[in-house]
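Below is the structure I would like to discuss, written out as structure tokens.
All chains are identified by letter, namely A, B, C and D, in their written order; residue positions are counted from 1 within each chain.
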Amino acid sequence: MFLDTMFLLSALATLGGALMVVMSKNLMHACMYLLLSLFGVAGLYATLGADFLAATQLVVYAGGVVILMLFAIMLTGGVEEFVNKFGINKIPSMGTTKTYTIGAIVSLIFSFVILKTLSPLFKNYSQADLPPMESTVEDIGVLLVTDHALAFEISSVLLLGALIGAAVISRPRKINGGSK
Amino acid sequence: MNYTVSSIAPIVLLPFFAFVINAFLARKGGKATVAAVFLACAAIAGSSIYAIRIFNDFVFGNYSADYNIHKIFTWFDLNGGGQTFTVNMGVYIDNMTAVMLLMVTVVATMIHIFSTWYMHHDMNYGRNGRFFVYMSLFTSAMLGLVLSDNLFSLFIFWELMGFCSYSLIGHYYEKEKTGDANVKAFMTTRIGDVFFLLGIVAIWNQIGSVAYVDIYRAIAEGIFTNVDNNVMGVSLAAFSGVCIFLGTIGKSAQFPLNVWLPDAMNGPTPCSALIHAATMVAAGVYLSLRIYPILEAGHLTYFVAVIGGITALGAATIALVQTDFKAVLAFSTISQLGYMVLGVGVGSYNAAFMHLITHAIFKACLFLAAGSVIHGIHLQEMPRMGGLKNKMKFTWIAMWCCTLAIAGVPFFSGFVSKDRILGDALVMATYNAKWWIPTILGFAGAFLTAFYMCRMMFLAFHGTPRDQEAYDHCHEEKLSWNRNIPLLFLSVFTLGVWFAGSLTGQGFVKLGSKDGKYEWFKTLIQKPKVEKFVDYQRQPWGSTDIKSTQTFPTAKYDNTYGLSEEAAHHVHVVHYWGAGLSVIIAFSGIFLAFLMYIKGSVNPGWWVNSFNKYYRTLQNGYFMDHLYIKGFIQKGLLPFNNLLARFDMGVYDRYGVDGWAGVTKYIMGVAKWFDNLFVDQIMVDGTGASVKVFNVILRTIQSGKIQFYIIIIVLVLLGYVLAL
Amino acid sequence: MNDTIVSYLAQAPGYSLAVSKISEILGFDATGLVTFLVFGIAVFIVVNVMALVGGLGTYAERKISADIQMRQGPNRVGPYGLLQFLADGVKMITKEDVTPRDADKTLFFVAPLLALVGVFMSLAVIPFSSGFTLTSLNIGVFYLLGVSSLVGVAIFVGGYASNSKWSMLGGMRGASQIISYEVPVTLSILAVVLMAGGLSFGTITEAQGGLPHQWFILHNPFSFIAFFVLFVGALAEANRAPFDLPEAESELVSGYHTEFTGMRFAFFALAEYIEVFVLCGVCAALFLGGYNVPFGLGSGDFIIKNFPAVHPMIAKQIGNVLQLKVFVLKTLALYYVVIWIRWTLPRLRVDHLMTLCWKYMTPIAIFNLVGIAIWIYAFEGKSMLTLMASALSAMAGSGGGH
Amino acid sequence: MISLSSYLIVSFALFLCGIVVIIARKNIIAMLLGMELILNAGALNFAAYTRFVNQNLDGHVMSLFIIIIAAAEAAVGLAIVIRFFQIKESIHIDDAVELQS
């Protein structure tokens, strides 16, 4: 009962947010809806008993990724040019009816592909015979340093690489020709 | 006795933490540096508390002589070729370690305290607390070396100490001489270390482990002397023994690698006291005591004894004529290290170790006192000193105590240890005539030791001031605690009763007892009995030591050396002769010095003028530096290098490289023709033309627009799914 | 999975009786409904008390600053001016609610609410006492880190939505400051987690004791440093002086809330004061022993042992009240320090702020983390003072042989 | 009554939304938003299967790695976007068609 309610609310937040990310004409608003959607996903994790994942989702997305996105929007905002260097009209950056139609068709094709390939493998499981939820923090911690130690190490190297890479790429430097 | 990791690890970790923190803290200057100095002193004092606990348990704990604590943990595993190769690290504490730990921590504490006085002015010259940073790291490394349970981790700490020594010798880096001295010290010991590593590798190769216990077991099982395990035609024991002993020669400044130690005196005096007198050079002797069974199995004892004897006498003769205050002490250090090695060679195991301990204490005290003198009078030349006893009472007292100890005067510690080494040498000489050589070298050195130490004392402290100006400028000694307490504390331990008596059981000192506990040092420190290690069980890291007192009967010192009554009687008689002889020698040395420098009835100037050639030879240390640089490096290595270079340029470059290039050039000409005709015109251009055709098609697809790519991917997926 | 305040109240003897009565009246199993209601009431109480604390925070700030500057401070409304914050609230409500013409209306509306939501969400795991914790989540600390970063988003969005350059700069400063300082703060918290062996506030608090030498701040030298790293980082995360660059009035008028008026401004201010309270509470719970009361007074053992006549349940309640008092006392002491710092230290420059974070506090925090790991490995988790005591006793006790 | 398929439907819808965003938008940052949606859909699937099928937490670890990778991707991606903006003064995807500026 409680879980069902929570699931419905979270799913509503997730899908509503995602849909508004699609529909919204304002990038800033889209970003805020993405935040809503990610909170919804965190809620879904919580209903799945994945408490650690839910908290990680909050920490990483709400605290990190969304603010980064907002920063990027801020730093790259400005007047939009509607004509490219060849003088041809550009498609508006938030999309037009035409692009949305193409997107819808592509997603339909994608859903067809996925359903066609994966539906024979699908088997439903109901909630009736599930064990009660337990704290997963300790087990995940143990798994990370035993079975998945290599992946853990590699991801730490990846994060370090991302850190250095991001710092190096976005560092302002002189460009020949004197633009910014 | 329940030892867990947390009661052993702090000994090493406290100074190490102090090093890590001070590395950041000390360079800030001002109060931060003061805090860093305090932290360094507190850390070593803290680890001495743990060391005292261990010492206390081992000495007063009524355990047998071969009781030990040995804890190991797996450092890393190497898997390959179906074999698992486990490298273990661990701590190994037996009686020798316990005594050594106490000596290192207490002497280091005293030297740290003294350094706070001595290095006080140094804080302002941009160096700040760097000295204390390295002292902490050094102490930590030395303690780690003492606690190591295998040769490999010992080697790691050994090298770490070498590095610290390098840094500390070069403390006054603005002087050019200092820069040369630390490089020299580093490079000279490196020669020995290369061989040491070679020895470790040889042992590892044969028995798959370098832990002491495994080495002892392998010796007991005869692996070291087995003919199948010969290395380069000699037995494994001889090969590895010589190699590791070369490490000792380098670190303990034995002949012929003794040239670095006198130059190392360029460092601050407290660092000389800690590193080049008390601990690091002693580490070499400690190592040779640890591998004593290998030396014995390889029949190397005579070689070791001769090296020790040569060093003892040679350094003593050089010390006779030195005029620099610290140089005398430096050469006397080399000489005393020679005695220790001689002790190892003649099989006087516990006396060699005892001399290590006693020497560490009195030589540290001597160096601190020397630091006190130099700091007071601002010069190091003895001919310009004299009469200083009126200005520096405490230094004078401390220094006389140590001088008497090093000269081997009865009731002082040096007599107890050195006399026993010489006595054992004499015993060996009575068995086999070839042992007379090291024995005579040793006795002659003892005479010279007494002479030159007293010469130093008389020149510096007695008589009238020879340089009135320097004397007048010399500071009056004030009663400052961090200067005098280390001196007096250490000089108390130059008395012989601490080492000759019985600290255990009934009363403090018990001389002349016929049975039972007699001379704690002899009881505790005995040669490792390799047979006991055949069924040796290791304790895992983190376990509590569960052995209880009951399982270990009280140790007894076998007064007859395990010999028959007749042989034991012979040994005793020879020992009495040796003791008598060395007392006579010591006093005659002192008397001669008295005649020369106080009474004036023998004129030293006449001797110098008459034997000027020999005097100059000694003054320059037998021209060994000269020999190495002019003879070995310039005549030997440099021409060889030139020859190699010439070979490289003339033969290898001209005929090898250039010749090969010529051949290639010719082949290339043929290839070029073929290339032009077939490859270029037909294949390359043909491919290009065909690519051009495809290019037109692909160019339209490769628009650079990512979304278009995604759509293509999706369409391909769709096609794939439909085709299934 | 997790204890809540409801499961604590359900231990009371009358609770299950009441639930069954209500079920009888309503005709269906009302356990869920009652749980929901009770929880709702508890949340209502906490939120309102916290709003009150936030309001009193503004009063305290003004009073303490007046004290530091040798002024009187507010003293007209109520005794000692205690009701000043209510008067301020009334003023805020009655003010005109201005929205700039070019503002992003939706986000301008959402931003203050987002700030308040982020702070109130973090109240869910604050351990006021062993019983009175809304939910003692098993990932409490981690959850708190996650939701408190919503405030950063709110500040940023508020700055953006106002469409004013001061607000914009303030918002960007605020967001960059908050995500930067999250690194040392998280690392310091991780150090505590390492010592306590759990992410729950309950576990961390129970791992400490009532007396100062049992607190984590004195556990080892590294944790001593870690506390200050956490505290300074918390100041920066709550945009308090000397890190109040997002609202630096000398440069940015009033920073991200320049354009906000009336209740919207009040929401931001309230969020800031409550967040300071929450972060002080976190510092107290992680390092200063949290709600632990010494001598077993907190768990009621003391009373049960010495006064057998008292019912154990009552003893426990008394203990709980004591715990609540201790926790609030520690938190308020830190709150005072925060205000004190604000009126003592000058503001940092932006580049100094970032230098402090990335070049000093982050390396120190990493060093602490490694140091604590080594400490725990080397000394088997014993604290510094325990080790000293055992070393002393070893010295004293080893004489005479074993 | 919720079951595995409920979660899969949610994640499927999330995934399709992401695809639409990526195809329809011409703004690079907006496309990155779509990427986040897609990654979340994947991570959600892992967590759902862990809960309903085998309960062995490997799925959680996998989701964790997905979150990590999403964070790294966002950081590097946005850095590239900012750099791109510095060079081209545009974040329109159709301006990013050359390998050389």
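The rule is short, and it goes like this: a residue touches a chain if its C-beta (ideal position, glycine included) is under 8 Å from a C-beta of that chain, and two chains touch if they have at least 3 such contacts.
On a predicted model such as this, the values are computed, not experimentally measured, just so you know.
Colleague: If you check the contacts of chain A and chain C, which chains show up for both?
Modeller: Common neighbours, chain A/chain C: B.
Colleague: Please compute the C-alpha centroid of chain C, do the same for chain D, then give the distance between them in whole Å.
Modeller: Roughly 33 Å separates the two chain centres.
Colleague: In angstrom, rounded to a whole number, how far apart do the mean CA points of chain A and chain D lie?
Modeller: 4
Colleague: I'd like to verify one number: the distance from the centre of chain B to the centre of chain D, where each centre is the average of its C-alpha atoms, in whole angstrom.
Modeller: That gives a centre separation of 61 Å.
Colleague: Suppose each chain is reduced to the average of its Cα coordinates; what separation in Å results between chain B and chain C?
Modeller: 55
Colleague: Among the residues of chain A, pick out those that touch two or more other chains and give their numbers.
Modeller: If we look for residues of chain A contacting two or more partner chains, we find 49, 52, 56-57, 64, 68, 71, 102, 106, 110.
Colleague: At least two other chains touched by the same residue of chain C: list those residues.
Modeller: none
Colleague: Can you list the residues of chain B that touch 2 or more other chains?
Modeller: Residue numbers touching two or more other chains: 710-711.
Colleague: Viewed as a graph of touching chains, is the assembly arranged as a line, ring, star, complete set, or other?
Modeller: other
Colleague: Can you give me every chain pair that touches, using the contact definition above?
Modeller: After working through each pair, the chains in contact turn out to be A-B, A-C, A-D, B-C, B-D.
Colleague: What part of chain C is in contact with chain A in the complex they form?
Modeller: Listed in rising order, the residues are 1, 32, 104, 106-107, 110, 137-139, 142-143, 145-147, 149-150, 152-153, 156-157, 160, 168, 172, 175-176, 178-179, 182, 198-199.
Colleague: Residues of chain A touching chain B in their complex?
Modeller: Touching chain B from chain A are residues 102, 106, 109-110, 112-113, 116-117.
Colleague: Could you list, by residue number, the parts of chain C that touch chain B in their complex?
Modeller: It comes out as residues 378-380, 382, 387, 391, 394-395, 398-402.
Colleague: So in the complex, the part of chain B that touches chain D is made up of which residues?
Modeller: Where chain B meets chain D, its residues are 703-707, 710-711.
Colleague: Quick one: which bits of chain B touch chain C in the complex? Just the residue numbers, please.
Modeller: That would be residues 1, 4-7, 9-10, 13, 46, 49-50, 52-53, 56-57, 60-62, 549 of chain B.
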